[in-house]
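Should a chain be cited, it is by its letter among A, B, C, D, E and F, assigned in written order, with residues numbered from 1 in that chain.
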Amino acid sequence: MEVITFGESMVLFYPDATGPLRYATSFRKTIAGAESNVAIAMARLGHSVGWFSKLGADEFGRYILSVIRGEGVDVSRVLTDPARNTGLLFKERFGFSNPNIYYYRKDSAASSLSAADLDAAYISGVRILHITGITPALSPAARGAVFEAIRIAKESNVLISFDPNIRLKLWNIETAKPILLEIASKADILLIGEDEGKLLIGTEVPEKIAEAFMNKGCSTVVVKLGKKGCYAENLKEKAYVEGYLIEKVEDTVGAGDGFSAGFLAGILRGLGLREAAEYGNGVGAMATLVSGDMEGFPTYEQLMTFIGKTGYVDR
Amino acid sequence: MEVITFGESMVLFYPDATGPLRYATSFRKTIAGAESNVAIAMARLGHSVGWFSKLGADEFGRYILSVIRGEGVDVSRVLTDPARNTGLLFKERFGFSNPNIYYYRKDSAASSLSAADLDAAYISGVRILHITGITPALSPAARGAVFEAIRIAKESNVLISFDPNIRLKLWNIETAKPILLEIASKADILLIGEDEGKLLIGTEVPEKIAEAFMNKGCSTVVVKLGKKGCYAENLKEKAYVEGYLIEKVEDTVGAGDGFSAGFLAGILRGLGLREAAEYGNGVGAMATLVSGDMEGFPTYEQLMTFIGKTGYVDR
Amino acid sequence: MEVITFGESMVLFYPDATGPLRYATSFRKTIAGAESNVAIAMARLGHSVGWFSKLGADEFGRYILSVIRGEGVDVSRVLTDPARNTGLLFKERFGFSNPNIYYYRKDSAASSLSAADLDAAYISGVRILHITGITPALSPAARGAVFEAIRIAKESNVLISFDPNIRLKLWNIETAKPILLEIASKADILLIGEDEGKLLIGTEVPEKIAEAFMNKGCSTVVVKLGKKGCYAENLKEKAYVEGYLIEKVEDTVGAGDGFSAGFLAGILRGLGLREAAEYGNGVGAMATLVSGDMEGFPTYEQLMTFIGKTGYVDR
Amino acid sequence: MEVITFGESMVLFYPDATGPLRYATSFRKTIAGAESNVAIAMARLGHSVGWFSKLGADEFGRYILSVIRGEGVDVSRVLTDPARNTGLLFKERFGFSNPNIYYYRKDSAASSLSAADLDAAYISGVRILHITGITPALSPAARGAVFEAIRIAKESNVLISFDPNIRLKLWNIETAKPILLEIASKADILLIGEDEGKLLIGTEVPEKIAEAFMNKGCSTVVVKLGKKGCYAENLKEKAYVEGYLIEKVEDTVGAGDGFSAGFLAGILRGLGLREAAEYGNGVGAMATLVSGDMEGFPTYEQLMTFIGKTGYVDR
Amino acid sequence: MEVITFGESMVLFYPDATGPLRYATSFRKTIAGAESNVAIAMARLGHSVGWFSKLGADEFGRYILSVIRGEGVDVSRVLTDPARNTGLLFKERFGFSNPNIYYYRKDSAASSLSAADLDAAYISGVRILHITGITPALSPAARGAVFEAIRIAKESNVLISFDPNIRLKLWNIETAKPILLEIASKADILLIGEDEGKLLIGTEVPEKIAEAFMNKGCSTVVVKLGKKGCYAENLKEKAYVEGYLIEKVEDTVGAGDGFSAGFLAGILRGLGLREAAEYGNGVGAMATLVSGDMEGFPTYEQLMTFIGKTGYVDR
Amino acid sequence: MEVITFGESMVLFYPDATGPLRYATSFRKTIAGAESNVAIAMARLGHSVGWFSKLGADEFGRYILSVIRGEGVDVSRVLTDPARNTGLLFKERFGFSNPNIYYYRKDSAASSLSAADLDAAYISGVRILHITGITPALSPAARGAVFEAIRIAKESNVLISFDPNIRLKLWNIETAKPILLEIASKADILLIGEDEGKLLIGTEVPEKIAEAFMNKGCSTVVVKLGKKGCYAENLKEKAYVEGYLIEKVEDTVGAGDGFSAGFLAGILRGLGLREAAEYGNGVGAMATLVSGDMEGFPTYEQLMTFIGKTGYVDR
């Protein structure tokens, strides 16, 4: 296994039309989860990836399991909590603005994930452990699991990748800030958005965000800049890497997770900072060509063609 | 207002196909709630009915409110709890057997309904207060609301109608039994199923069930017997009243609530026991002609035609 | 051309679910029309058939035209009335009982069809003119068209086939009866239902119905008996011909029109009364295997297999 | 009751795809009606509103009634005409251009609404009576109802609000013009489009339109200018009030009715001309964020946030 | 008959959403075929048109037949191959880029069409024979049919119209080029795209493309330039004719076929080169207003209005 | 790995309605394949199962792979043929009779599977190799793969299970018979239908079928008798084992594969003949409770409850 990640995946219900949900007549079912998005994207790029979480002993848990397993991600460490439901979320869309989200995840199975649920041997054998700032927001137990996983990884020289993924619907910034900063300070690779820099460090300037976290101990910081691309810095170099132009964006959800997956794939392949950032930009851009969180993630061949490393790709 | 009832209504999601929910691709949205079913059925029969509950300050709460208000039920006392979600449920169907149900109602807005939420003047002015055994299963607070409502009704000589509606997914029979028996002992009209008699009294024999509850203080007991009809008893008479034959049952959900509504409508119209039971049988039978909980409830004219009191009804 | 028929075809909207239409969220569009059903069924059996009506100069008229033309029916005499709408109908289904029907056909384009709209040369060149009792119910003008078509047919020795198709939503029996009896008395072939015999002649006994109309001048009378088959009588013979058993009926609509088409196809092929009746029973039965009015009508080869004249048909 | 309005609401069928209706396979059902749109929008803004019309005694009428009642509008004066159908309309969309409309409303139940149907006490007790120019186009009887309602309102010092809503599919401009001008001259508040000014007064210049109607006796004239906002004038002031920029318009239908509702809500709250116009612009803009006529109308809180009077609104 | 064309039409399946087909849950069925598109477009413009192909003896073949016949195209020469399937294709869409296409047409019924299947009398009696470069790509037999049809047409002075429609999924350019050039050299009217000029002649310059083919013996060459319009040249004149601006393009598929149909319709009506090109531009532009290949083709009246030859058309 | 099976899985398209496919407007996508059905059913029962085939390098192949992998089946040996399509099939339903099937599988990727594609080590390490009579019908190469797999299994003392699954749409009985008999004679466990016995042995009598194949060398023969259950015989015992009554059968497809999976699971668990047959009957019966081929297969716990070995199962 090259990469492991863990965190809550939920069943996501999309309404059949824009507008207030009370007028929607039917809903399409799919899955959502920042960590499973990264796992799926990396599996599609050809890496061996493991993902785990705690699921309810219900049909929605079985659904999530079969989708993620179907994508070729190792799910051998997924746990089941027979006493809790699998979490749900509903999206509500208005024109081009961001969707509203209604969560049914309080006290979900995933929120009961704890340090005791971790298989240390599973984690210690990989090259990268990818963590997000959503998991510590779920519950004290889940927060404990995050710190224990970090401890295990550190012990075994597993690289720690961290995406803060700040969710103000789950906790307020006062509670979140010290915890996320602490996790970031333990991470090797930090993948962060401009707006998250503002919330955690007080600046949106990419170089300043990077500087702050390099000072805290990160060896690589990438500031995601949406369609503009990213700013990346490690101990040896720093660079703005421009994004790919998408004529018509179908759906930006999943682009950030795609970026992370692309960047980490580049790192795993031993690429330099700039090229890994191009991979990140490429996967992120391709994710926006398709509605749905993870349907648009490319294979390695598709990515190479998209970012111009090979000839025409006939998907 | 002639009748008031209260209790949790939820948004119900139906899958597009039979079989395990993990294979369903889309879900249709409607509402479910035993008490609002009774309210809607009685409003359609021409009575003035009020229903209330506590809803989340979300789109699902607004949806429930507009559907029940659209049916002509008074919703002026419905409350909103901005800190809790509106409850949900999902159905899973296999051939003819009963559907499996997945609840997302733990700690829902409705479960926070309490005695303090009651408008005594609203309750004390009606002829019948209809209560189910679902509400006391939601939370201690909701249980308190039930007993307080009973107290108010008693004080004002409002008739109390009670349907135990035992839900073993919400509480176990050991907890439920003493509470339901206590409520039943305070009720004037008890509307109960055979199987519920078994659980509460230890017998499925209609006459014995009725006898037990008449001894506890009820003045009218009706034992619902499904398609066979019902057994009804009051202080003056007792009778088996046969049900109406339905050639093709579309969906039995809502039939029990329809029965209750029909019977109570008969009481409000001053009918005798037997004729009120015919109304109950009629509304229950008509509910099964249509898929959906409440779509099949008839108007008074349709009911009269169906049970043969008038000529041809062109629905 | 072997056969001509004319009369109103409408756009039919089916709700997505059983129950009152106010709860239906979407509607499927198809066409309905007794005469076009007969035309399509006969075309599928291999006959050259013409159908005409007056359609609105709107998309619904264009839709009806393309569907019927697509089935291989000659539509060269279809007229357009730019001042009137194409008629519509909505169906509402409850369990197994007959659907309710909501018409939007008052003052439709078809109801303005008149004697002046007929192309005498078109009618006089065929072997059978098929007429229904729906057309004279639409308007006095349409009634005039029916009698003029009969006059033209008589003049040219074209056989007249008549199906009363009594529609009490369009006219009352007092108005309908004398007109339908007059048309029947001019018909060579009468295709009539038991219940229609009751309404027009006062008896449901097939032999008595046949006798009455033979006395009025018909040379062939077929009384349709639904799944039981039919009773057929002409100047030479009389017989009950048993229907084909259908294990699961999907939808009986179109079966009567299918019967008429099958019987007339038998006559055109020069078969005896009994065999023509078998054709009628066969097409009628096959129509019930499929939901939809006309989708289930068979080809000649399929019919032969179904009624056992050839081996296995792989539809 | 603060506001009353009346006029035809119909069932609206939307095809599942752009292009000619004959290629559409299914249709979604909703409701349409300029007056009920205004009523629903004002109810959502927190006002007590009554709406009435005449509906068919059919499922479509029941549907309209339950939707409008569900939105919290008083429907206690709605009438039923058992002899007529509820009106329908179908929309046909091509790219961005305005949809084509196919009406089935000739001789509908609403078109039989007459002066005799009005409840004078109901009308005389409100602050504003809102009328549109669609109702007088339906029939002479409906026209009579409009003038009688105006007479009642005048007698009781009820403010009269009028939106010409010129529908050239219902009557030609020669017939419409004198009647609409007469109604306008009796109105206190005129809400009119630029193009309607052109048709009625011969100029599209907002100031000139306003001047003409102020001279006819209106005390407030608002000329709606679509996304540009509006020009408003009363006896004390006059102003162009700019509209709100919408990044992606989903559907402009309902925006004009939303404007009227917003403006009248401002008047009821005692705002000045300019601020009332901002309310109108806001509601109109928000209606375009959502497909559907009335689904996008905001609550008062949502409106305040949208037009920047309060902080972020989490719809 | 004025025009005849022939070639493979297939059943086309559209997924319900953008993105990789493996995530699509349902597919909508329609038809696709360059030649039948031209036939349908010309029939809608009022011309008598015949189309033929070989279809499988299956439901998909029957479907194609009824759709094309329903559009008023003569299908009397369509053949059936009981040993082969009707061809299929699936489309996969990503944002605005061209869809991917998955063919199931190898060894299809249409690919067995051969010279022996042609009805010489049918072809020799028309004014224009329209051929595409798709048919010779299907099989050697189909290629033979194309050359035989050309021979028959030449013999009878039937004008030959040719659209190369290069499909690199069916054959490679090395194989295609000599064959398409040979066909083009026998054509009277060549309708060709810029990119096709590049592939066949080595230049995208419209005048150079035209010159090359005029030198090969064509008497009319039209180079289609998409939304820019076209360059047209015949023995007497040459001109760039500008296209019509479409505010929102729904779907460009079918635009090229619409252009061909419009241009040929102009030729049949005896128009000059420039005006025929305007017809082509108009039909092509109108096709893009509607999703679907052929649903957007106009009637002659609609076309006249669109290109400004008459007043407003209310479709 | 305990079990391996291989053979063609295809994408299956279900129409939205009963009746001829030409009238269906949309199609739902799922997968079909007798061998993958057995693999999925056994995986759900808790066994480690491998399945392989050759898939096209297309979206349909990727879809099949992710579904089967998602069910927990090992797909590590699945191959891809970039030169061929993944096979498809369409179903057409009429009332209760068996659906018609339209294949697009000729020359599919799976039909190119050959002996050279087998991984001998993969096969030789399992306890059971399950083979069907469909694979040898696909092509000579595929037939070669079947015999080579049998050879490998024999060499390693892997039990060979064989289900003839006769498909007369793929080959005629004359060709099929000797090949299927040869395979059967090499099998240890034969799972066969009554009607297949008739075709291969000339008798429908279960004991006679079993006797014939025991004489050919099978050590276990099970004759599947549909809802009646099965007749099972091995070297030690023989028995009729009654099936489970299903009140309402949703869909019988998949029942035979479910039977095989249940029986083989029993064998793997070391059960006696009769009990293994009960497992087979149970899985087969449960498959019919759900529409869809494989959605209804139970987990081990669900099976135990269904066949009465444990208490109530709350699926």
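We take it that a residue touches a chain if its C-beta (ideal position, glycine included) is under 8 Å from a C-beta of that chain, and two chains touch if they have at least 3 such contacts.
Predicted model, so just to flag it, every value in this text is computed and none were measured.
The rotation that brings the Cα trace of chain D onto that of chain E spans 120°, given to the nearest 5. Farthest chain from chain E, judged by C-alpha centroids: B. The chain with its C-alpha centre at the largest distance from the centre of chain F is D. By the residue-number overlap criterion, the interface of chain A with chain D counts as different, with under half of its numbers used by both chains. Computed from the mean C-alpha positions, the centre of chain A lies at a distance of 47 Å from the centre of chain E. The centroid of the Cα atoms in chain C and the matching centroid in chain D are 46 Å apart. Look at where the CA atoms of chain C average out and do the same for chain E: the two points lie 40 Å apart. Computed from the mean C-alpha positions, the centre of chain B lies at a distance of 63 Å from the centre of chain E. The multi-chain contact residues of chain E, meaning those touching 2 or more other chains, are 20, 25-26, 28, 66, 92. Put simply, chain F touches chain E in their complex at residues 13, 16, 20-22, 24-29, 58-60, 62-63, 66, 85, 88, 92, 102-104, 106-107. Residue ranges on chain B touching chain F, taken from their complex, read 17-20, 23, 25, 92, 94-97, 100.
Per the touch definition, chain A reaches chain E in the complex via residues 28, 246-250, 288-292, 295-296, 314-315. Chain A meets chain F in the complex at residues 66-67, 69-72.
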